[in-house]
Amino acid sequence: MTEHIGVGMLGYAFMGKAHSNAFRTLAYMTWPPPLVPDLVAIGGRNASAVQEAAERYGFASAVTDWREIVADPRVGVFDNLSPNNLHAEPSIAAAEAGKHVVCEKPLGRDADEAFETWQRVQAAGVVHMCAFNYRFVPAVRLAREMLEAGELGEIHHFRAAYLQDWLTDPSAPASWRLDADEAGSGALGDLGAHIIDLGRYLVGEIASVGALTRTFVPERPGGKVTVDDAFEAFVEFEGGAVGTLEASRFCLGRKNALTFEINGSRGSLRFELERLNELQVDTGGSGFRTVLVTDGDQTFMEHWWPPGHVIGWEHTFVHELHHFLAAVASGGRIGPHGADFEDGYRAAEVCDAITRSAASGARETVRYR
Amino acid sequence: MTEHIGVGMLGYAFMGKAHSNAFRTLAYMTWPPPLVPDLVAIGGRNASAVQEAAERYGFASAVTDWREIVADPRVGVFDNLSPNNLHAEPSIAAAEAGKHVVCEKPLGRDADEAFETWQRVQAAGVVHMCAFNYRFVPAVRLAREMLEAGELGEIHHFRAAYLQDWLTDPSAPASWRLDADEAGSGALGDLGAHIIDLGRYLVGEIASVGALTRTFVPERPGGKVTVDDAFEAFVEFEGGAVGTLEASRFCLGRKNALTFEINGSRGSLRFELERLNELQVDTGGSGFRTVLVTDGDQTFMEHWWPPGHVIGWEHTFVHELHHFLAAVASGGRIGPHGADFEDGYRAAEVCDAITRSAASGARETVRYR
Amino acid sequence: MTEHIGVGMLGYAFMGKAHSNAFRTLAYMTWPPPLVPDLVAIGGRNASAVQEAAERYGFASAVTDWREIVADPRVGVFDNLSPNNLHAEPSIAAAEAGKHVVCEKPLGRDADEAFETWQRVQAAGVVHMCAFNYRFVPAVRLAREMLEAGELGEIHHFRAAYLQDWLTDPSAPASWRLDADEAGSGALGDLGAHIIDLGRYLVGEIASVGALTRTFVPERPGGKVTVDDAFEAFVEFEGGAVGTLEASRFCLGRKNALTFEINGSRGSLRFELERLNELQVDTGGSGFRTVLVTDGDQTFMEHWWPPGHVIGWEHTFVHELHHFLAAVASGGRIGPHGADFEDGYRAAEVCDAITRSAASGARETVRYR
Amino acid sequence: MTEHIGVGMLGYAFMGKAHSNAFRTLAYMTWPPPLVPDLVAIGGRNASAVQEAAERYGFASAVTDWREIVADPRVGVFDNLSPNNLHAEPSIAAAEAGKHVVCEKPLGRDADEAFETWQRVQAAGVVHMCAFNYRFVPAVRLAREMLEAGELGEIHHFRAAYLQDWLTDPSAPASWRLDADEAGSGALGDLGAHIIDLGRYLVGEIASVGALTRTFVPERPGGKVTVDDAFEAFVEFEGGAVGTLEASRFCLGRKNALTFEINGSRGSLRFELERLNELQVDTGGSGFRTVLVTDGDQTFMEHWWPPGHVIGWEHTFVHELHHFLAAVASGGRIGPHGADFEDGYRAAEVCDAITRSAASGARETVRYR
């Protein structure tokens, strides 16, 4: 019989919906699941909204103070989906209370905060994961597997962008995501962190960056914008690859366009999130092949459907939280395929280097501690 | 408080997984759901496999005789996912026992069987739906809405194909899908029925067809193939549009490639199921625009994620069964957006006309009763 | 030193421009050319227009009676680009006067006319070519080479369409192309003949067809439309492959969209003329690879540019007329890569079978003589 | 009657073939041409090769000393296609001899050389053009026209890359293009100059850059590589737009992949050179539309074929040299649609700023004189 584990979730909106769905779905789609997640508590600031989320997603209780979740003996996993300024303290408290911890990205508003969070959660001896869910796109995993197998040879280039368009209209309102105190940064931490993490996952550690940031619309209905709308960067990896990194919320026609391309001495790969079931693979310069990553022998797809039956964005969370529960169940590691808090911290160092470079005008070495 | 309704499901494999997931998911994703589905019974021939499916998907009981489901007073909806030769009798029995009925396509192995099923279920006064799930792809619904609004003008062409590749290898084994007694037909009823239904849904009633069918590999490990591997047809609609229809399981590189194109006097539409979040829209010959159908103001997408966050194949079932429960809850109709058993019957008449034409060599008028 | 040959051209408009450019260009692009074409005479009904064309393209003389070209001793090649009703008589006369003959497609307005033309030109002992220029797209030649090498295995399917949109607007005027007397047929002979020829070139002889034709707008400014606007067909090849054929001038968003797909037991190919530098190649169901056919070791590309530097539609004529001159120079054959008048005739038989089937409603065997 | 002008060409290989073809073709394709180009002299270092080129392309004479061309009274246009180290001196000499001058890009090996060349040629009072031929892709011109008309609103982003793969193999031999003395720089001046020029043409003057350069393979058969294999940069425009620039010859699967994307407050554009007949246009975030730029009412396409009949890479030279001859004939200007030597100089300043930044690690302001 599969053991159960209690889940306490902080946050009930966009990410709450995605993670709740993932826990519920993995319980029968990844069969048998490594642990059966019991949804025991969900928390947030708005009491009636949290209550409705609890009913909707099937949590046993709804709370408005995250400390109640941390103190709840039924909770074995603390899943932190709150705004960025609430990533550190609750995650640390939960870990120190013996809960395994999942935290949404970016781990901290800056590298200092992320480092502190990592160190203290690590010291608590629990399993921890920073929710870089795009590692769990089957096409991205396939890319990693090909890279590990040496199919691309020596890597020369990594170019990635994460482009959205929802701030193009100057009358789009301000929100916590546009406030430096709550969010830390803008497109950089929200979108850029994803492609930085993918660069690290696929190509290796980042050595240095040069960058600029830009806030196109500094004031919006509801408040000032104190974060970046976009950043532009070149990047150098420790292994010698070079490329560009970019994120923006001002790209009309690009809804959720995370794209990357990797060029190696033996082949190339291309990916775009809006067509996430596909990986473009070139071997030896012979032309890009569209691999529809839906076969049962491709990682993650054993859980789903026959070949050609595509999956959606939300499935990344199913894979990710399944991976987390498997690590908890087995006492195993989150890495290398999942991002742990060290990965969350390291992505934050790259973000900080971009911020420093934008301020100094100088190319900045990433200063891992 | 939302009322509950008991679901009895016949079939536990591929379709059982898709429908179970849909019932479980719609309960919180379409919030509040029109009715809360309680999974009360699941049936199939293999006792241990059914038992495991019941545990996995959360059905209260597992049975090996569908008559138990039909007789179960807790069951309000009978969801028939069995092989084609078990579509008629259990569906009729369930309806006559007062259950609302969902039946997978094709409704019958031929038009006679489909007609009888429709007539008797209709006479029972229950809600009935033939599970042509591709009507519930958001991009397909958008196409329908544009057509209804006249945005394409008068329709001249509909060309559709449904191409897969899993039988290309002659050593792929025989199965019930390749047996005329169980399946009725091959690519025609399995794949062709989908594009015939979409043609009817989007363009209108089909008037006549000319066709050939082909069985490339007549014997396989495990048995003879007594159905078509492919059919090729031209088609004429009552409204004057003309085009081609085709289905095959011998198209390497095509995994689940349902495609259609519609040309009207004011514009054109293109769709491909392997990129199901996209609709290609041409207005006045100005070039095809890739519309990523993921905005909250597009039908079905209000249930899901922010723009650009794509959904998968399985979501069609969530939308479809939500639509069904809404019709049950409101006493409303399945049509025009859902396919009822009359639609299932009418698609079967077109399939029969294709079969007749392939045999006679003559263009055949579709003979609706 | 390369010998020269005199070219007499009948027709000076669209095709006259394309062929004139091709003769001029091949003289230095295919270096050394097999024969140096001297543009000695151009003919057409409008004296001043022909005169201007002669000046523009560098013909030594301009005439309004094609018999002058046929009688001109300087002329070694007669290039017939006139409307379809002027394909037979001038081509035959030129051949019987000892000129090698190029004739635009369709060779005749029907199979009888095409047969007569072929027989008499053949009897004259000259080199003859029917200008199915799409055989001379490098990507099409690559497809043929792969098929000949057996890389696709046994062929199961050929589906092709040639879609344009210029008649969608009912106020588009009538012209010779819409008149049965001058053109023979409409989309069928103009567009359909191309895909029929490609089917024969790539897959093999066509055995039977079933078809319908349609004239959506029977009267236009300037006259009645007495030809088809579109045809829809299924097709069976002698080798066992089956598929669909279609042509239409009513497809908004499709400017010059000749597309085909071939599925074999080992792989598949896809092509679209609007991206004519690309061939999509699937091997064993692994996904379609976009082969950019611009490398110097790919047939025809030795004449042009470095890899990745794409060519245009007009280049097909350069390759085609180069091929023709090479056959003249060497006393060689036009086939199998060029279409000779027998190929022109055979395509006409398929067109006739389509026309018969549309009239009779019956599947028609192609009756090669 | 159209006047004639004598053309003297320095260089006979790749670019010589492209320019010769363009002069010959424009004479009848752009009808009537602004001036009839007479090919009077072609020059290069290899006597027999130049002689063969003269015969092949129809030049009246072949020379091995460019000074002969400069001194030739028949020459009205000096077309300089030699290696980069021979751009300055012959171009200046020709101008000072009263010839109008076309010079291939990059205008100089660095900004100093380009500045000197511009100043002295400008002082000579002749018409001058730096052959940035991609301004003459019809889709690029359409982009410019849309930008000028304000259809994209305020521009936020320009991201461009020019990727090739021919140096990926370390055994690819050294050549003048890999030698700093002859070429000045590598991917930067050869490929990067093109996207820098397009950025200036489409978005406006470049204010600053941050960059790194990389030589992956410093020694090859035949010699050392003393130029960059790739560069990576972020860029800031004077008008406020920001983005990335990149060029590399190490991108397998990318043959001639110049791509750019522009995001504005009202819409976006995307282009890729390997599909040069297409422009992707987004309006207001509604999705990218593939505009096939082949209609006769689109600039340049009045010279060619009916809609949908695509053109090739070489056509850019036809348009470009036609533009040049029109400016010579009318006494008009090369700009804004053609690049004159000032544009060549300004692109060189951006290249120099990239080189400085790669050396200093600091973001560099472009220092226009």
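As written, the chain order gives the labels A, B, C and D, with residue 1 at the start of each chain.
Keep in mind that, in the parts below, a residue touches a chain if its C-beta (ideal position, glycine included) is under 8 Å from a C-beta of that chain, and two chains touch if they have at least 3 such contacts.
Keep in mind it's a predicted model, so treat the numbers as computed, not measured.
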item	value
Between B-D and B-C, the pair with more C-beta contacts	B-C
Centroid spacing, where centroids are CA-atom means, of subunit C and subunit D in whole angstrom	36
Geometric centre distance via CA averages, subunit C-subunit B, whole Å	42
Chain centre separation in whole Å, for subunit D relative to subunit B (CA means)	55
Two or more partner chains touched - positions in subunit A	254-255, 286-288, 292
Overall pattern in which the protein chains touch one another (line/ring/star/complete/other)	complete
Subunit D-facing residues of subunit B, complex	281, 286-292
Residues of subunit C defined as touching subunit B within the complex	156-157, 159, 161, 163, 165, 168, 210-212, 214, 216, 230, 232-236, 240, 242-244, 246, 248, 250-255, 261, 263-268, 282, 284-288, 357, 361-363
Subunit D-facing residues of subunit C, complex	14, 18, 20-21, 24-25, 28-29, 31, 56-58, 164, 166, 254-257, 273-277, 292, 294, 304-315
